[in-house]
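One chain, chain A, links the two complexes that follow: it is found with chain B in the first and with chain C in the second.
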Partner chain A sequence: MSASGRRRRGALDSGFTMDETVAEYIRRTVLKIPRHQIMEMLTMWEFLSKTQLETINVHQLKERISQEVVELCEENSASIKQAAILDMIYNYTYRNKKVWTVYQMTKAAGEETDSFNLADFKYKFKRSLRSALKNVTINFREYEDNAIWIRIAWGTQYTKPNQYKATYVVYHSQTPYVFISSLRSSIPLLCQALVHASNYHDIHEMELRSRCIDSLKDIVFKRYSQTFQTYHPRPLQERNVAPEKVDPRIIQENKREKERIQSVNQEVFGEGLQPKIEFAQYKLETMFKGEPEMDILTEKEPFRCVVKFSSPHLLEALKSLAPAGMADAPLSPLLTCIPQKARNYFKIKERKGILSASCLGP
Partner chain B sequence: MEEATAYLRDGVLSHLEKLEAHARKLALKQEETQRQQENLVRLRARIQELRLQRDELQTKVNLQQVGLIRQEGATGSNVEPVQAAETGGQALLKWKVENVKAMLQAFRLTGISGKLTKQGVCFCISTAYEGTYLDSYYLDLLIQQPVQIRHHSVPIFIPLEQIAKKYLQTDIKCFLAMLSDHLNAYAGRKYQADQLQDHYSAFLEGTLQRNSLHNVLFFNYDVETESKTFPFRAKLVYGDLTRSLPTEATITCKAGDVSDSLVEKTAAHSNLFRHMALHKAFNSFRRAAESLDQTA
Partner chain C sequence: MRRSGRRQDMDTPDSGGMTPLGRKTAETGINFTSTTRFSRGLTFIRTHTLFGQSPTRRIIPQTSLLQENADPQKIAFLLRKQWTLYSVTPMYKFSYGNLKEYSRLLSAFVAAEKQKGLAVEVGNDLGIKVTLSTLLGLKGTDQDQVAILVQIASRSQLPFENAENKVVWSGWFCCISGDDLLESVPEDFTCLSLFLANGAESYTAIVGSWFQKTFDCYFSRLTISPLNLAWMAAMWTGCKVDSHMAATELVFSVPCIPQSLDISYAIHPEDAKALWDTVQKTPGEVTQEEVNLFMDCLYSHFHRHFKIHLSATRLVKVSTSIASAHCDGNIKILHSKHLIGVLTLLTELAISQIQ
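After this line comes the complex of A and B, so read on.
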């Protein structure tokens, strides 16, 4: 086909044949990028020169754009490392497409926090991972907000790394939290490498998962607006006080109740925008509480069921339930404790004697 | 210019004399304006004091009036004095409320303030750096044995658990003081780094690299000496987390051969960064550059 013919011509000129898997991977990555972002991402990539970038015509079929990019990469002798960086740029921009799980690392008792050295971290991580598994591709990229992104493509003892199913890890130095996406079978290896590289002792998975990684960061770094009891409420201009032009003949019958709901809501949820999570799951292992006649279910075994709430923006939806009249204020603490406890997967067991939920987890 | 030539005709020495006299006059004028400004500030403060006094006296007068009216009205009708008493009572209440609010505001400005809650206390630590108030952080404590932190808004990289382990159960004052030191120092370091990035980016090459706790900073900047620009690389390590000045400042010159004057300069800059706030150090660089431009 003409595409491969062109490729070979380029190879003859420079004396370097780019690996076909690399070429294919770059082609598929460029195909994924939406048209209006292609130039921006290629510029961020900093692998193709300005003159080369100017030769790309973004107003043709995407198939052709990707072919052109591959040819330019051929001229510059791209390796898998550069291809991986382009993939990382794409996944950073579209980071909310993946589901992220939060892991927490713990230090052994008595250890002091030491100053973080990026080069040291990278070296230790690579060494730890490579000593266990030779066929891995590891890439790092640092961002302005102190986030370190790590991309790992896994292979096995006999096969080369699969670039299409890479795992992403986001780590902020001097914090004990790691955000991991798309992890399949190599959990223990990755965890061990992370713990070793960042000088911690242990790591465990938190019951906190969401697509919006920035909201996950807000929850664990406590950057969302929490309410604290103080003598100094926020100045008035920060509150959304929109004076409505109400006809004075209209009387609000339950105005007081509405105000009470508003104030209770504000106490519980705070005033700012809530972190964005998409689901909350409650596994119930409580006893069924029903009529004494229905003795099939009562008092024998816990009635197991799973309640799952899902929404494009769950916490904002919960916040608007009481003002909309769909639920009583205050809401159940099971729902409102999500950001504070930093979890959205709960297991609810019976408390001895009283039917109430205790947030025990695995 | 004409004056100058006229003076020169008289003689260089007389010209010098006249210049001296001129300089003396300017110095006197400067002293005078300074004195006037100090006076102004003093008078303004005095005005505030007098206003406060006046308000206090006014409420006292209101109270006395209420008392008098009540005495008079005891013989007369009862409706009026009740109203007057209410307004007098209201004024007193208002004054008390204002007073309390002002005291609470003053407490908050001290940096550590708190409010009793149902089960404990909620402390608010306000950070500030050299006169600018920065973020506030909150700690909700449960007062029981042992004292627990219910929830807080302290950033995750401040070693809260360590400080709590050492001091929370034994000496709460010390715990709050340590935490306040850490938070204020962090806020100060962050403020300096932000100021540097926002206002002095012309001097920096590339971006300022910092970590979450802002205790290791890397940046490159250009230094002009002997009419050539040299790229310098600075690494600032803030070893003591309760201070906002670095404990080590390593400055290296990235150019190939380094002359003695450059070595001196790196040592001088290292000393400067260790003793002066970052943005102030760069402000002095900018003023030095500006004065160089003026004399050139």
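After this line comes the complex of A and C, so read on.
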């Protein structure tokens, strides 16, 4: 539905007419917001006054609500900057809907870490992007956990920025990690701007992608309960478990084995909740080797396959496989190393007959 | 030969789609009002199965070219589309000469069913037209019945749009090389055991109930067991494909764990074929042992890397260069060269289900 041809109602005689594209963008953003969160997000936005907010009736059709908001924005002479901020608020709340890729920045050898200056960072970032591309919309928003959110809408030399396909960047200034989503083609430009603004030397994409950005942060910031991979099984730790009233005639078969599996699983996965990722992909280029009695494939070529695991909560699902009897315990390190290695895309090649994951690029 | 079986009350709905063997078919949400179930009069003689079990060996279908009278356009229409599979019991007093009459009757039936509950003037034409036509060339042997294509076209209601009819639903019946599985079929019966549908399920239900009412047959959803999916994976991987080869992909779903987990295992087509060629030894024939060995090889290669027993999971989908099949009974065939081969296997599954 295009905004053209629609008269601006309620415009004051200030001589300001809000840009139609801005109005339409605000309208569509408000339409996306679930009804029960509209007031909360508009309040967070801090663009409409309290009295203005009170005039909005959230119990009518969403189409009507968004219309009312647009009219109020017209009164306040909203520009694209304000519209972008509302969009950022929406996307921060629903940040786990997008697919995020993790990038890591590196310093050159011998370089020192300067203290971070936010104003400096913003200035340099904008300058770097704008010098390459005139038509960009750049907005910043800071959050309590030292996260800097950057929203970039890309245009070309001749076209205005496309607000509907904006890229989002989350940068934690105390770390070398950057989380980027919805990036289509302007990767080099963005990377260059990030490196320049943060005083780093280089940036590379990690093989780590997921929707739940909070879990990605847990993985790279090592905020999950870590395990120390040992080769000596430790005895099962005592836990305060009330003894069940079980009929003594019932014997659990394989009790020892079950306990061993639990204990090994715990060692390998740790006690706490696993970080939430949705998929893992393995590109295998190892030699085929079946059971010794299978006289198969004497060729010297690798057996190429691609294995993809997907689940709403992959690591928890993998953790439950051995207790369910569908996998051996301990599970393969290829799977259990995901949080530790901070990657979920792997390329596995044969190396001297011993299986190992090589951290090759894509 | 008299028709056996009791004629049920037309209005009583069928009990959840039970097949004669007592196996429940997948819940489809369609409620066919069934009439009779054909139980006697058709004896199935299968030389290599016992009690409805899967055969221990199958002949590799030669890439049988379609018969000369095949219409390439119609055949092309069947390819690269997702079809939902049904098995159909033999139809009573179906006549190939009456296709035009059937088209007319079915058109009226579909229009009437569609208008149910709508406040529309009686006789108002919703622009629905059903055509039944033959699909020539889809035969495995000369004894096979000619395949039938049913299409529902809807005339656009908007005045300024092109008044051409747009096909909104298609379904086709066929029976490829079914004759060696069906013996002593009485004269009045036509065996078109496999039915494939594409389009809205509401139309499938309407067309299905018309056929059931008119020809006293019974449709049931044809699901594909993991065992048969494994057969498909093995047999289709072994097929020679001239053009672009696609990976052999197996999709497994892991049951019995709190979070659902899906595993996709895609093997490079050349490597998969190389493995199959090493396994498959009997010329012209595929045995159960060979299929098992092929799958076990894939499972053990997987286990070696991930320590997960794929054999404990459930195979739900198989995709190859030839075709892809899903356990719910969905199929997509990609090459006309292998159309007959795939349909032969599906016909066998359909007949085995209605046995």
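As a convention for this text, the second predicted complex is superposed on the first by the 315 of 362 C-alpha atoms of A that agree within 3 Å, B and C clash if a C-alpha of one lies under 4 Å from a C-alpha of the other, contacts with A are read in each partner's own complex, and residues count from 1 in each chain.
Criterion: a contact is a pair of C-beta atoms (placed from the backbone, for glycine too) under 8 Å apart; a residue touches a chain by one contact, two chains touch by 3 or more.
Note that this is a predicted model, so its numbers are computed, not measured.
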Chain B versus chain C as contact partner of A:K222, first or second or both or neither: first
First, second, both or neither for A:S332, with chain B first and chain C second: second
Touching partner for A:P176 - first (chain B), second (chain C), both, neither: first
Of chain B and chain C, the chain that contacts the larger number of chain A residues: C
Partner chain in contact with A:F303 - chain B first, chain C second, else both or neither: second
First, second, both or neither for A:Q340, with chain B first and chain C second: first
Complex contact set, residues of chain A against chain C: 282, 284, 286, 288-291, 294, 296-297, 299, 301-314, 316-318, 320-321, 324-328, 330-332, 334-335, 348, 355
Partner chain A, residues of chain C touching it in the complex: 247, 254, 256-268, 271, 274-275, 278-279, 293, 296-297, 300-302, 304-309, 312-313
Chain B contact footprint on chain A (complex, rising order): 112-113, 115-116, 144, 146, 172-177, 220-222, 226, 228-232, 340
List of chain B residues in touch with chain A within their complex: 104-105, 108, 113, 115, 117, 122, 124, 138, 140, 151-157, 159, 162, 207, 210-213, 215-216, 237
